[in-house]
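One structure coming up, written as structure tokens, with questions to follow.
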Amino acid sequence: MQKLWSIIRSSIFHAIIMYVSMIIAIYLVFIYAPTEKMQGIVQKIFYFHVSSAITMFFAFFVVCVASIMYLWKDSDWWDAVALSAAEIGVVFCTLVLITGPIWARPIWGTWWSWDPTLTLTLVLWLIYVAYLMLRIEVYDPKRARFAAILGIVGFVDVPLIRWSVEKWRTLHPKPVLIQEGGTTGLPFAMWQTFVVCLVAFLLLFFYLLRERVSVAQSRHALEGLRHEIDEILAG
Amino acid sequence: MRSTRSLQGKMGEPMEKNFWYLFAAYSTIWTALCVYMIRLSQKNKELQAELRDLQAQIARVLTK
Amino acid sequence: MSTDMMVHLEGVIKRFGTMTALRGIDLKLQRGCCLGIFGPNGAGKTTLLKILATLTRPSAGTVHIAGYDVVKEAEKVRPLLGVLSHRTFLYGRLTAWENLQFYGRMFGIKQLAERITEVLQIVDLLAHAHQLVRTYSRGMQQRLAIARAILHYPTLLLLDEPYTGLDKHAVSRLQELVLHLRSVPCTIIMSTHDLHGGLDLYDEIAIQCRGKIVYSGPSLGSDVQGFEQLYSAYVG
Amino acid sequence: MYRDSNSFIALMSGSKVFLQQVLALLAKDLKTERRTREIFTSMFVFAVLVLVVFNFAIGADPELIRQVASGVVWIALLFATVLGLQRVGQLESEEDSLQGVLLALRDRSALFIAKMIAQMLYLLVVVICILPLCGIWFRINFIACLGELCLAFALGILGLSIVGTLFSMIALHTRACEVMLPVLFLPVSIPLTIAAVYATAQLIDGKSLSDISDYLVFMGVFDVVFFVLTLIVFDYIVED
């Protein structure tokens, strides 16, 4: 029983599940899901684009929770989680920002449309890049604390940005778009595909998070060892 | 009204062109994830090197 | 916890990320004592004083000042403390008087003007009271910092390397002041890496090295050589 | 919460000390500023420069300028906030006087409140100085909607001061403070800026208060959220 548990917890098992679900997701996207009549084949970008967007929001949510826990418990593990989730969140954020225009170009006829969600993503990208800038230097608990505060503030800012951006968009002429968002009125097969994609992306996120946290932790431990050795050598 | 016109214009284009967008989107996702994972493994490698370095230092201290 | 113990530290550990600055400090100090903490640079003296000053929290262990916990009851500890470091905490764009007035208001001192005059007299700066602090010499600024530190009648004085950048006049003034404060029941903790300055000031001495108190005991009086031997035996 | 009268008295005396400390900090900041006028001057000159440069960037079309005027004014204020907070940070860190202040504080949020009020006052003076200039250069009649504008500007300036003070305290403790402050401050304050710009623009267009009420409510919500958030986390910022 314990052995089974340790297998389930192991990194390689996680990787295999992630890999398999990703393959299934790709199969569903390209073979199973029907081609949308209006947008044609580009609509298939939707599955990975929206999955990355949701994963990104989830990552930033993890940053916020881990930051609160770090301030509360003052444990390095939570800090490592926050930093790792922020980094991975920025990666997914970048994906959203790249695939968004690629989707928009054939459908809306323009690369960039200041669509509310895309604009929100852009602002979030700026905030969390600032977060990573705070963390560029070697580990310093003061900076970790500041970053934790930014992690909380950034996530609290999300609904505020969302509201303001939506409000701001209604003041401008809308770009040519066929179907807002794309999730409304999806056929069942498309829904299935989308859910599987989302699950695959979340598994990918957790896998990356796990690896990144272990890197952060071993770096931390190594730094501690190095200090100790320096002291032994000096003393 | 502009929207429907431009839609028809787009839909009139050959299918392969849109296919390129799909290809671009999925390949960038793949590339970005790949780059990130390579960076992660590089970091891991750096850490391994540092660990070996430290082990060597400890060995040196012990032999002294 | 008996309250005649002014300072009581138990198992204080402070980590900065992967660095450990303090590794288990135990220290007791009677009310009215004057303790000198000696140690090389990087021994963690400043960190220790910062913990006592409620400016930073210990990672582990407990610290009590006059029976108050410095983490949980910091707001009760702070008015008891007078802190003097090698930075003066003064505003260069204000006059000496205005600086003291500001700190006096922060502490809610009654009859502030009389008190400011008094402390300025003690540090010999009354004549320059209305001069901008940025025009002061380093020694004058440090003297004003002394006035700032004792302004609110502190009962525990924390001096972190107070001799840094001081002229002769200021050093002797500071030492006189420490003697004067000892007659008032005022507890003093001074950290320094200078072994020669006024050893006879202290009642107790401690030697700190690499985050630990390696020696503590009663003062050796003005026996500089004996102390130097002791110091090099522990610090190496 | 405060069951016995003793703790109530303690609370009352605590709030009295709090007020005293806020006032002392504020008096100190304003006294320094009155002597040097450093912060105001740099903020004001910078804001005017932004106005002028944008004027050239937009071109000579008076209608176009009128349309973007409120955006330009708020960008000027945004950058002026960053500049002012950088100066304030320098003043506090020169002789580590922040530590001295922290040693004297009973409740550390007094420092936040005092800095926020000071920043608000500086911004207020800058606004009062640049609005007439703006009115003349961009040919906008601000007087027609002065009361409504006051409300919009008050809410906007309050928000900028709160967020700005929060991040200036963070930037103060990090190296490369000059770079970090705008990088942290600008993206987080985007929603506030959007609401403030459009509220101002619609007021200039002759809309009434009820037309822009959702912007005002939004700015109020933003201010309250960030104020509460900053009060909660402030202890973690100033701790060494």
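Every chain is named by a letter (A, B, C and D) in the order it is written, and numbering of its residues begins at 1.
Simple rule for what comes next: a contact is a pair of C-beta atoms (placed from the backbone, for glycine too) under 8 Å apart; a residue touches a chain by one contact, two chains touch by 3 or more.
In this text the structure is predicted, and so the values were computed from the model without any measurement.
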item: Shared chain contacts [chain B and chain D, defined touch]; value: A
item: Chain whose mean Cα position lies farthest from chain D; value: B
item: Centre-most chain [mean C-alpha coordinates]; value: D
item: Length of the line joining the C-alpha centres of chain C and chain D, rounded to whole Å; value: 37
item: Averaged-CA centre spacing for the pair chain B and chain A, given as whole angstrom; value: 13
item: Intercentroid distance (Cα basis), chain C paired with chain A, Å; value: 49
item: Centre-to-centre distance between chain C and chain B (centres being mean Cα positions), rounded to whole Å; value: 54
item: Multi-chain contact residues (two or more partners), chain D; value: 239-240
item: Junction residues of chain C - those touching two or more other chains; value: none
item: Of all residues in chain A, the ones touching two or more other chains; value: 226
item: Chains grouped in pairs wherever the two touch, ordered by label; value: A-B, A-C, A-D, C-D
item: Residues on chain A engaged by chain B in the complex (per definition of touch); value: 38, 40-42, 44-45, 48-49, 52, 88, 91, 94-95, 98-99, 102-103, 105-107, 109, 176-178, 204, 208, 211-212, 215, 218-219, 222, 225-226, 229, 232-233
item: Parts of chain C lying in touch with chain D, wherever the complex brings them together; value: 50, 53-57, 75, 78-79, 81, 83, 85, 87-94, 98, 102-103, 105-108, 148, 152
item: Residues of chain B touching chain A in the complex; value: 2-3, 6-7, 9-11, 15, 17-19, 21-22, 24-26, 28-29, 32-33, 36-37, 40, 43-44, 47, 50-51, 54, 57-58, 61
item: Residue ranges of chain A in contact with chain D within the complex; value: 71, 123, 126-127, 130, 133-134, 137, 142-143, 145-146, 148-150, 152-154, 156-157, 160-161, 163-165, 167-168, 171
item: For the chain D and chain A complex, residues of the former touching the latter; value: 166, 170, 173-175, 180, 183-184, 186-188, 190-192, 194-195, 198, 214-215, 218, 221-222, 225-226, 229, 233, 236-237, 239-240
